[in-house]
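Chain nomenclature is as follows: A, B and C, assigned in order of appearance, with residue numbering initiated at 1 for each chain independently.
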Amino acid sequence: MSASRRLDAPPMPARAVKGIALTVICALVIIPFVGIVSTSLATREQVNAAGGFVLFPSSVTWDAYRSIFAGGVVSQAMLVSIGITVVGTAVSLVASTLLAYALSRQGSFGQKPMLMLVLLTLLFSPGMIPNYLVVKEFGLLDSYWALILPTALSGFNVIVLRSFFMGIPAELTDSARIDGAGHLRIFTNIVLPLSKAVLAVIGLFYAVGYWNAFFNALLYMNDSGKWPLQLVLRTYVVNNAELGASDLGATVDVVPPQASVQMAILVVTIVPILIVYPFLQRHFAKGVLTGAVKG
Amino acid sequence: MSTFISRRNVLRGGLGGLAALAAAPTLAGCSDSSGAEPGGDPSGPAAVLPTYIPYEGVQPDIVGEGGIPHVFFAYPSDPQPATSEKPGDGEPVSASMGTFAPIPPTADRNPYWAELNERVGSELQLSITPGADYPQRFATAVAGDNLGDIFNVDDSLSQLPQFLEAKCQDLTEFLAGDAIADYPFLANLPTDSWRGTVFNGRIYGLPVQRGITGSQIIFTRDDLFEARGVDPSFAGLDEFLQLCRDMTDPQGNAWALTEIPFVVLQSMVGITNEWMVDDAGAFTHALEVPEQKDALEFGRRLVEEGLVHPDGVGGANADAKAWFSQGSAAVIEDTYTAVAGFFARNTIGDAYRLGLQVAPGPDGEPAPMWQGMPNNSFTSLAQADPDRIRLLLQVLNYLAAPFGTEEHLFRSYGIEGVTFEFEGSEPVLTQDGLAYTSNGAFPVEYLVDAPKETYFPGRPDVAQAVYDHQAVAVPASSLTASWGLYSETQGRVGGQLTTMLNDARNGILLGREPVDSWDETVASWKSGGGDDIRAEYEEAHAAQA
Amino acid sequence: MSHTATDPVAVRAPEARAVTGATRPPSRRHKQRWYRRLHRDRALILMAVPGMALVLGFHYLPLIGNVIAFQDYVPFLPFGSSPWVGLENFEVILNGDPAFLRALRNTLVLTLVQVVFVFPAPIALALLLNSLLSERIKRVVQSILYLPHFLSWVIVVAVFQQIVGGSGLINNTLRANGLDPISLMGNSDLFVTLLTTQVIWKDTGWATILFLAALSQIDSSLYEAASVDGASRIRQLWHVTLPGIRGLIILLLILRLGDSLTVGFEQIILQQHSVGLAASEVLDTYVYNNGIVGGQWGVSAAVGLVKGVVGVILVLGANKVAHIFGEAGVYKS
C-alpha cells in the first residue's frame, strides 16, 4: 500500500457507509450459501421439519455425500471433468489469444472479414441437430474431443481479448518490430506478459464454461462412463432421486432426503472452483495499487 | 404394529362402491376396464393386439381384478426361475432410454450390470439420458440415425406414425394375437398397454407399463386432522370446503391444501375424463362441458379463501410433497405411486397416519376416477432381420419377468450379499446396491417392465389400504377416450394448446380473470386446433369400432 | 510490471497505433496487391488458423443447417430432403399475432430495465471494490460475491422462494406477528422487479471480474499525477478510472444490445405459471411454447435467424454511434 494513497484515504463517514453496504451485500449472498451447506448436512428430521431448506443444522450427517459418492460414478465423472476443463482451457486459450492477436493488427490481410465472422458467431447460433450431425461426421461421438472442440472458441472472449490487446501501446510493439521481431515473438514476449489480468479472466471464463457444461455430453456421449460431473449430477437434480427408491418401499430409509442430495451436489460442483479461484484472482483483483510497484 | 393408515374413510367410501356402476353418467370413458380382463375390441385394426395371457406362476396375496394390481403383503418366498435359457446370443445389444433415477456405474465397475449382461447372454450397451432431456437426445439420435437396437420413443416427436413406419420394426407378425405366446412375460402385459403401441393398425412397440397406479387421488394426513378434531372424509364439495377451512391456520403456517386438487375436483363435479365419447362416437373434451366452470369456480374459491399453500397456488411446485410431509398442508392430490414416498419422508414414526380418500361424485357415489395412463411410454426396435428381432424380443421378454420370479428378484434387487440382503422375507438394497441398481430403478425398466404390483415391504397394512381404495375407486373409473388413438393435430399443436389452457385456468383460479372468461378460452381452443383434434379422434375411433 | 499501459482497452482510434507491417494506412490498401499482403502477413494468418478453423468447422458448418428455417423439418428424413415451405415458419413472427406482440413488448421492457439496472451494477461494484484500501477485504468480498453465478436458475428460484415466497422467511414472520403477507413471487405487477433482482443477485459479482481486470491495467502513475495535482477522489474517479474502462464498458454494452431480443429463458419459464403469460411471456418462451413444444424445429430456426438479423442491425448501429463519439466500439470498418 503506497503512502500517498493512505494520505488521501476517504473520511470516516464515507468509509462507514461503504462498510455497511458491503456487509449487507455479502450477507445477502452468504446466508443462502450457509443454507445450502447446512441442508446438505442435515438429517431427514431437520429437512422435514424445515420443509426443505435448513438454515442452521442442529446435528450433522454426511449421508447425502456418501450417497452421491457410492458406486464411484461421481468420482469417475469428476476426473473426466477435471481433464476436460484443463485440456479444454489450454486449447481455448491458445487458439483464442492467437486469433485475438491476429485480429488486433488492423489492416492486415483478411483481418476485417475474419473479425466480422467472429462477431457474427455471437448473433447467429446453429441448431442442436446440425451441431450433432457435424460432430458425428467428424467422428467425434463418444470422444472427449466432442466436449472440447465445439465450444473451444468463444467469439465473445476473442473480442474481449482483442480489445485488451489493442490497448497495449503501439510504441512497444512498433519498436520491437523495428528490432526485427516477428509477430510470434511480439505476441509471446510483449503482448502476453502485459495481459496477465485479462488472460486470467478469460481463462476462468473458459474453465468455468467447460466445468459447467453438460448439454454436449448429453448429446455426444453414449457411454455414461465418459460423462462429466455436471451431467451425472443432473440426473439427481432434474430427476427425483427418491423416485426409483420409492418403488421399492422400505429401502428408501437408506436414501437421504432429496433436498440434502441436491444441496450436496451443489457443494461438490462449487468446491473445485473455490479451490482454483484464489490463484487466478491474484491476477485480476489487485487493482490500481500494484501498478505502483515499479521495477 | 400400529395402524399407519386410517381405514375408516376407505371403508366408508366402499359402501357405495357397486352402486356407482349403476349410476354411470351418459358420457362414459372409451375403455371401461372394469371387465374381468383389460381388453380391447378384437375387431378391426384392434385385431392385431396381442392376446393377454396372465402369468400364473406366482400366487398373489390378493388377486387384483378389473385392472387393479395384484397385492403382495410380502415378497414371495423362495422365488423360482421362470426361464430356462439365456435370451442373448453373445452379440451386444444397444439401447437408448431416459431415466428418472441416478445413473449406475458402467458394467466394468458395476457387479450388478455385469451379472445382468451375463444372465441376458449379451452385453447391454445402454445409452442413458436424464429423463427431462430425453426428447432432445432422441431428436438428435433420430436425425443422426444413431438410436441403437432398442429405444424408448419420445412420443412428442412430430409425425410420429411416419417415423415409426420409416425407421422402426413392424412387430405385428411377431406379437399379434397368439404369436405373443412365444414371449410369456410380454403376454403378461395388459391389453390397454398394448393399445398404446398400435399405429395405423400395426404394432410398433412394447409398452413401458404403468396403469391404475398413476391415477390422481386425495391423500390426507389423518394425524393432523385428528389433532384439530376434523373428519378427513367428505361426502361432497361443501364438506370438502368446510374441512379445508377447518384445517387452515395461516398464522401457524398451516394450510389445508398443497395445491388445487384439480383432477379430483373435475371428477367430483361429474366430469368422467379428459376426453369422453358417447355411444354415437362423438368426442367431448373435459374443458367444454358446463361442469368445467363449476370446478373452476370451486378451485377459485379455495384460493380466494386462502386454503391453499401460498407457494402452491400457481401449481407445479416441486416442494408440495415436502409441505405435506412437514405438516404445513394436510391434503394433497397425488398418485398411488406416491404412497411409498410419503412413508419414506415420514419422520414422526407411528404417529404418522395417511388417509386415502374416496372422492364423492355429484350424486354422493364414488366420483369417476381418471385412470392414470396405461403406459409411461413405449419402446421400439430398429428394423432388422426376423431372427435378430426375435432375439431382441426374447431379451425384452426376460427384462419383463413378473413380480415374484427369480428373474424379477435379480432384475430389481441384484445379487444377494452384494447389492441386497434379506430382512426377514423382504429383500432390501444395500448402500452400494442402491448405487449399482440406480436406486432399484435400473434404466432397462424404461425399455419394458413387469406389471407394477401393490407391494410395500414390511407394511402389509399399507398394501391393504391401497387395495381397499382401489376396490372402490377403480370400478367407477375410466380411461381417457383418446387412449390408443392418434391425432396429427394433437402432436403438432397439443403442447401449445396445453400451455394456453393452463395459463387461462391459472388466471381464473388465481382470481386474475373472471370464470366466464373460460368461454373465450374454449372458443380459442376449438379454433386453435381443438376441433381438428376432436375430428381426428372421432375418425380414428370409428375406424377401430 | 507494466507502467506503460496507459490505455488498456483502446479507447480512441486504435488503428492509428496498432501496426501491421512496414506501411500504414490510408493509401496502403490500393498500393499493395492482395498476394503481397498475404505474403507479408503470413505469420498473422498462421496465428489465426487454429481459431478460425474452430469457428468455421464448429460454427459456420452447422450454421448451414439453419436452412431448416425454410423447411417443414422432419428429423428422420435425410438432411435437406424435408419439404420446403418458404416463409411459413416465419409466420409466427410476421402475422402480428397479439400474443407474439405481447411477448415482444415484454422482451423489450425487460431488456430496457436490465440495461438500465443490471448492466451498471457490476461496474458500480467493481469501482466500489477498487476503492477499498485493504487488499484482503477486497479479495474476500469479491470471492464471496461471485458465488451465486454457479447456482442454476432452479436453485436461485428456490432460494428466492425460501426468502420472499408466500411461505418464505419474510411472510412467515409477518404472519406470525399478525401482519398481512406480501405477495412478491406470484405477483404479475412485480414480475419485472423480481426477475431483475434475481439477475443482479446471481451475476453481478461474477460480471465484476472483467472490469477488475481492466481496472488493474490502469497505469497507477496517472493516479499519482492526479493526486499531486490535488484532484479529489471523485475527480480521480471521473478523470482517470472511468476513462480507463470506458472502452470496455462500451464494447460490452454494444454486445448486450445485440442480444436485446434474448432475456433469461430458463429463469422466466421456471416462474411463468404463477404470474401468467400476459406478464411473463417473452420472445424465447413464446417460441418455446408455440414451436419447440410441438417439435417444430423450423420455427425455432426461423426465429433464431430473425433475432440474429435484428442483433446485427443493433450491433452495427450502436457501433456506428460509438464511432461518432470517437470510441473504438467493437468493429471498425
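Assume a residue touches a chain if its C-beta (ideal position, glycine included) is under 8 Å from a C-beta of that chain, and two chains touch if they have at least 3 such contacts.
No experiment lies behind these values; they were computed from the predicted model shown.
S.K.: Where are there more C-beta contacts: B-C or A-B?
M.R.: Ranking B-C and A-B by C-beta contacts puts A-B first.
S.K.: Among the chains, which is located farthest from chain B on the basis of C-alpha centroids?
M.R.: Farthest from chain B by mean C-alpha position: C.
S.K.: I'd like to verify one number: the distance from the centre of chain A to the centre of chain C, where each centre is the average of its C-alpha atoms, in whole angstrom.
M.R.: A distance of 17 Å separates the two centres.
S.K.: I'd like the Å distance between the centres of chain B and chain C, where a centre is the mean of that chain's Cα atoms.
M.R.: 43
S.K.: Where the centres are mean C-alpha positions, what is the separation of chain A from chain B, in Å?
M.R.: 40
S.K.: Among all residues of chain B, which ones touch two or more of the remaining chains?
M.R.: If we look for residues of chain B contacting two or more partner chains, we find 139-140, 143, 319, 328.
S.K.: Two-or-more-chain contact residues of chain C, please, as numbers and ranges.
M.R.: 75, 79, 167, 297, in rising order.
S.K.: Show the residues in chain A shared as contacts by 2 or more other chains, in ascending order.
M.R.: Residues 51-52, 129, 133 of chain A touch two or more partner chains.
S.K.: What does chain B use to touch chain A in their complex?
M.R.: Counting only chain B, the residues touching chain A are 96, 99-106, 108-110, 125-133, 136-137, 139-140, 143-144, 146, 319, 322-323, 325-326, 328, 337-338, 340-341, 343-345, 347, 412-413, 426, 428-432, 434-436, 438-441, 452, 455-459.
S.K.: Can you name the residues of chain C that touch chain A in the complex?
M.R.: My answer: residues 1-11, 14-21, 24-25, 28-29, 34, 37-38, 40-41, 43-45, 47-48, 50-52, 54-66, 68, 75, 79, 125, 128-133, 135, 137-139, 141-152, 154-155, 158-159, 162-163, 167, 201, 205, 209-210, 212-221, 223-224, 227, 233, 241, 247-248, 251, 255, 258-259, 297, 300-301, 304-305, 307-308, 311-312, 315, 328, 330-333.
S.K.: State the interface residues of chain B toward chain C in the complex, per the touch definition above.
M.R.: The touching residues are 139-140, 142-143, 156-159, 162-163, 166-167, 250-251, 253, 309-311, 313-316, 319, 328, 491-496, 498-499, 502-503, 506-507, 510, 512.
S.K.: For the complex, which residues does chain C have touching chain B?
M.R.: That would be residues 74-77, 79, 161, 165-168, 171-172, 175-176, 178, 181, 183, 185-186, 188, 273-278, 289-290, 293-297 of chain C.
S.K.: Could you list, by residue number, the parts of chain A that touch chain C in their complex?
M.R.: Residues 1, 4-6, 8-10, 18, 21-22, 25-26, 28-30, 32-33, 35-36, 51-53, 94-96, 98-112, 114-127, 129-131, 133-134, 138, 149-153, 155-156, 158-160, 163-164, 166-174, 177, 182-184, 187, 194, 197-198, 200-201, 204, 208, 212, 237, 262, 266, 269-270, 273, 277-278, 281, 283-295 of chain A touch chain C in their complex.
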